[in-house]
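Both complexes below contain subunit A, partnered by subunit B and then by subunit C.
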Partner chain A sequence: MADQDFRTCPTTGLKVHLPAENLIKANAVAAVVLLLIGGIAALGVALTRWPAVHLLPADWFYRMLTLHGLAMLIAWIIFFEIAGLYLGASVLLSARLAAPKVGWLAFVLMVVGVLLIAAMVLTGQADVLFTSYPPLQAHPLYYLGVILFAVGALIGCFIFFATLYKARKEGTYPHQSFPLVTFGLACAAMIAVVTLLHGAAIYIPTLLWSLGLMGMDPSAYRLVFWGLGHPSQQINVAAMISVWYLLGTLTVGMKPINQKLCRTAFVLYVLFINVASEHHILVDPVFSNAHKIWNTGYVMHLAVLASMIHALAVPAGIEVALRKKGYTSGLFEWLKKAPWSNPAFSALMLSIFGFGFMGGITGVTFGTEQVNITAHNTWRITGHFHATVVFGTTLAFMGVTYYVLPLIFRREVLGMSWAKLQPWFFGIGMMLVSGGMMLAGAYGIPRRHWDIVNFGGSPFAFTWDPTVFMWLGVFGIGALLAAVGGAIYILVTVGTILFGKKLA
Partner chain B sequence: MSDNNEGFGAPGTFALAVVFLITFMVIYFLNFKYLSGLWELR
Partner chain C sequence: MSISVPDKVWWKPIDKEEKIWFALALIWMLASFFWMPVYHYIGKQNPSSESYKVTREQFEKSATDFIQKYQVKDANGAPVFMNNVAVVHPPAGGDAYLVAKAWAWDPVLELEKGKTYRIHLSSLDFQHGLSIYPLNINYMAIPGQDYVITMTPTTSGEFPILCNEFCGIGHHTMVGKIIVK
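On to the complex of A and B.
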């Protein structure tokens, strides 16, 4: 092992492979840029769906909605996860990253893919929303962009696996098995491979269809698409939970209360989470009930069981660690005296609440076939996944950034007093966004619609219960608060990278 | 329960888990109640 390729972090003692460090930096910066783009689009969408403002015209609303979905659900999160995979395999195991040059090729493919997608969406040639269900058709370059991005991400996953193999072969870490965080990331990467292969299975034929070279069966598209669409969010779940364990360790010195149980829970994700993606098509008349019930009535709960285990194991690990520090009075002294002023810790705890309480409970409920009949295609579903993916995953990723900045970028976090407020603005904002969406959705407010007051001048008048407008207001205020939290995150991150005090 | 690592070491988390389960049961029940209101059996 060439030692000149490594440096040792003075704080954590971790050996950092310099080519890996550069790739982590590039992927993390791309992630933050895409968070900014997706966030601006989110604000446009939110201020349009809030009837008191109704900002954008219809065409730009759907354009921004498409951009928001792709920039946030796919680009920001997957760039960040690729950075996380390189960190988990190389830095945490003190190993050399396998094939850094191929890593750069993967990065370039992902960037080119994102640029193609953004160009097609912003020029009005891909107003197809995140799902891009046929017969809606986008410009072929849009589908090509998605394919290039997916291929880049897939290469990133293989580099991760190759690095694990090298680390194991060279014996770079002291224990027999990988650390739990790396194990969780490995499960995320396995889910990613299956997910991205589903992506290839559906987007390559769709590209050929857009070129007029073949036909397209919309129902087959819907079935295979969700093999990509839902598991892509399960990569996030596995990666987010790995980040929870990492943050618990970094913030309070947590140790997992039962390693075997936690690892088994990660394996449950790998085995069952992809099969459970059928809850997206529960009201689709094409697929049989037996098929749907098997997926959502049985298999889904094995994946949910995994989340329940983690949602118990992480807070329990934190409690045990804090009780060891002497906070043993009553049931909740440990919680009261926890390091809430550390933005990484507050982001972790808010993320657990958002994902577990708000997203988890509603996810299981809405994924039940009977209940789904009333919830499907209403804003309740949108509220659910904003609780999981944004309140949960995005906030956890924001939290870990406060450790990535000094470890990888070697800069002291700039504006720490603002950083301390950031998770609260973002977390409370997203709580109001998700809650407002779910409660307005319970009155029947549809997802995706540009004009829920007049329905674009439709001759069929509909009068909502006035309570709906209160929940839409709650949503709008929440969106503004979350936007402030997102803006602080971007300012602190970019400010630290550009102007933060250099660390040794 | 004691503080010397004997028995279950995270009683606060256990209490929070109970709150979680009760919340889940209430929300699940309310959703089925809402559904039963839409699909009345006559």
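On to the complex of A and C.
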């Protein structure tokens, strides 16, 4: 082992492989840049859907909505996860990253993919929204961009697996058991491989269809697309819960209560969560009820069982760790004396609340056959996944950034007093956004709709129950708070990387 | 620690508290799992799974024939339109067609309270979403599929319908109506 490729981290004692560190930095920076782009688009979309403002014209609203979905749901999160995979395999195991040059190739493919997507969307050649349901058609380069991004991400996953294999062979860690965080990330990467193969199965035919080389059945597209669309969120779930365990350890020194149960829960995700994607097509023609019930009932609930295990294990682990610090008086002293001024800790707790209570419970409910009739394509769905992916996953990733900056970028976090407020702005903002969306959606407010007041002047226009406008106002105020939280995050991150005090 | 390699033997017995939690969660999940199919048989509001492959031309022809045959006539025998869309009174208990196209619902269906209809839903172009307000009932209209939804209106009144699947730049203008008498 050539030691000049490694440095020893003064805080954790881990040996950090420098080429891995550079790749982690590159992917993390790309993630933050895309968060900024997606965030600007988000603000445009939110201020248009809030009827009191109604900012953008129709064409730019749908364009910004397409960009927002792709920049956030795909680009920001997957770039961050690739950085996380390299960290989990290389840094946590003190191992050499397998084939860093191939890692750079993957990075370039992903960047080129994102640039193609953004160029097509911003020039108005891909007004198809995130789902690009045929027969709506985008420019072939749009589909090519998605494919290039996915291939890059797939290569990233294989580098992760190769690194695990190499670390095991070289014996960089004792007795062949991964740390829990690495184990969870490995599960996320396995789900990612299956998901990205679904992506290939749908985007390659769609690219050929856009070139006029083959036909495309809209129903078949929906089935295979959601084999990509929902499981890609399950990558986020597994990665986010790994980050919860990571943050629990970093902020309060938490230990998993029972490694056996936590790890079994991750395995349940791999086995079951990938299959449960048909709740998107419960009110579709073509597929039989038996097919839909099997998929959304049996399989999904075994995956939810895994989430229930983590729902006890993570908070209980935090409580045990804090009680060990001596906060044992009464039932809640540990919670009161928890390090709330540490932005990583407040982000962790808010993320647990948002994902579990707002996102998870609503998701399971809306995936029920009968409830889905009243929820499908309404704003309830949008509210659900903003609670999971934004309030949950994005906030957890923001929290872990406050450790990535000093430990990987080796810079002292700049503007810590602002950073302390950041999770609260973002978390409370997203709580209002998700809650406002779900409650307005319960009245039938549709998702992806430019004008719920005048319907673009349609003679059939009608008026909603006035309660709807209160929830739309709650949503709008929440969106502004979340935007402030997002802006602080980006200013602190970019400021620290550029101007933060260098650490040894 | 979650970030360090665990003890050599980490396959340890589970604590009582976690066992109780796990058991409760498992029971809850099993109950949810059984309840969904059970409710499918005892409940009265389930998604339809009756659908037929159809070409756009076939569906358009069936719908046009249906509209011509059952369009409502006024006192002078002239066909009735609402905002230039035909108002159609299908036979009670029979088949009715609802066409989704960019960016309109065609026709305006006039149904009778308490009668059961087989509504044929499909799209002539893009994917559309049928959303009936204020009941908040939502179904997909997919080109190439004749989706048959069996429906018995129980309340009279006018029910706006809107599109809730993105179908192009005029998506938000796609509003229509179902009337129940």
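Some observations on this one:
Here is the rule we use: the second predicted complex is superposed on the first by the 503 of 504 C-alpha atoms of A that agree within 3 Å, B and C clash if a C-alpha of one lies under 4 Å from a C-alpha of the other, contacts with A are read in each partner's own complex, and residues count from 1 in each chain.
In the analysis below, a contact is a pair of C-beta atoms (placed from the backbone, for glycine too) under 8 Å apart; a residue touches a chain by one contact, two chains touch by 3 or more.
Computed from a predicted structure; not experimentally measured.
In the superposed model, A:331 lies in contact with subunit B only, and not with subunit C. In the superposition on chain A, A:480 contacts neither subunit B nor subunit C.
More residues of subunit A are in touch with C than with the other of subunit B and subunit C.
When the two structures are aligned on the shared chain, A:491 is found in touch with neither subunit B nor subunit C.
When the shared chain is aligned, subunit B comes close enough to touch A:357, but subunit C does not. Within the superposed three-chain model, A:442 lies in touch with subunit B and with subunit C [touch as defined at top].
Legend: residue contacts after superposition of the two complexes on their common chain; A:319 is shown touching subunit B, with no touch to subunit C. By the touch criterion defined above, A:374 lies against subunit B and subunit C together after alignment on the C-alpha atoms of chain A.
Contacts of A:428 after superposition: neither subunit B nor subunit C is touched. With the contact threshold set out at the top, residues 257, 312, 316, 364, 368, 370, 373-375, 442 of subunit A are in contact with subunit B in one structure and with subunit C in the other.
Here subunit A touches subunit C in the complex through residues 12, 58-59, 62, 92, 127-129, 131, 133-136, 173-175, 177-181, 217-219, 222, 245-246, 248-250, 253-261, 281-289, 292-293, 296-298, 301-302, 304-305, 308-309, 312-313, 316, 364, 368-370, 372-378, 442-444, 446-452, 455-462, 464-465, going by the rule given at the top.
Residue ranges of subunit C in contact with subunit A, taken from their complex: 1-6, 8, 10-12, 14-15, 17-18, 21-22, 25-26, 28-30, 32-33, 36-37, 39-40, 43, 45-47, 49, 51, 83, 125-127, 129, 131, 133-134, 136-140, 142-147, 160, 162-177. Interface of subunit B with subunit A (complex): residues 3, 9-13, 15-17, 20, 23-24, 27-28, 31-32, 34-35, 38. Residue ranges on subunit A touching subunit B, taken from their complex, read 257, 311-312, 315-317, 319-320, 323, 328, 331-332, 334-335, 356-357, 361-362, 364-366, 368, 370-371, 373-375, 442.
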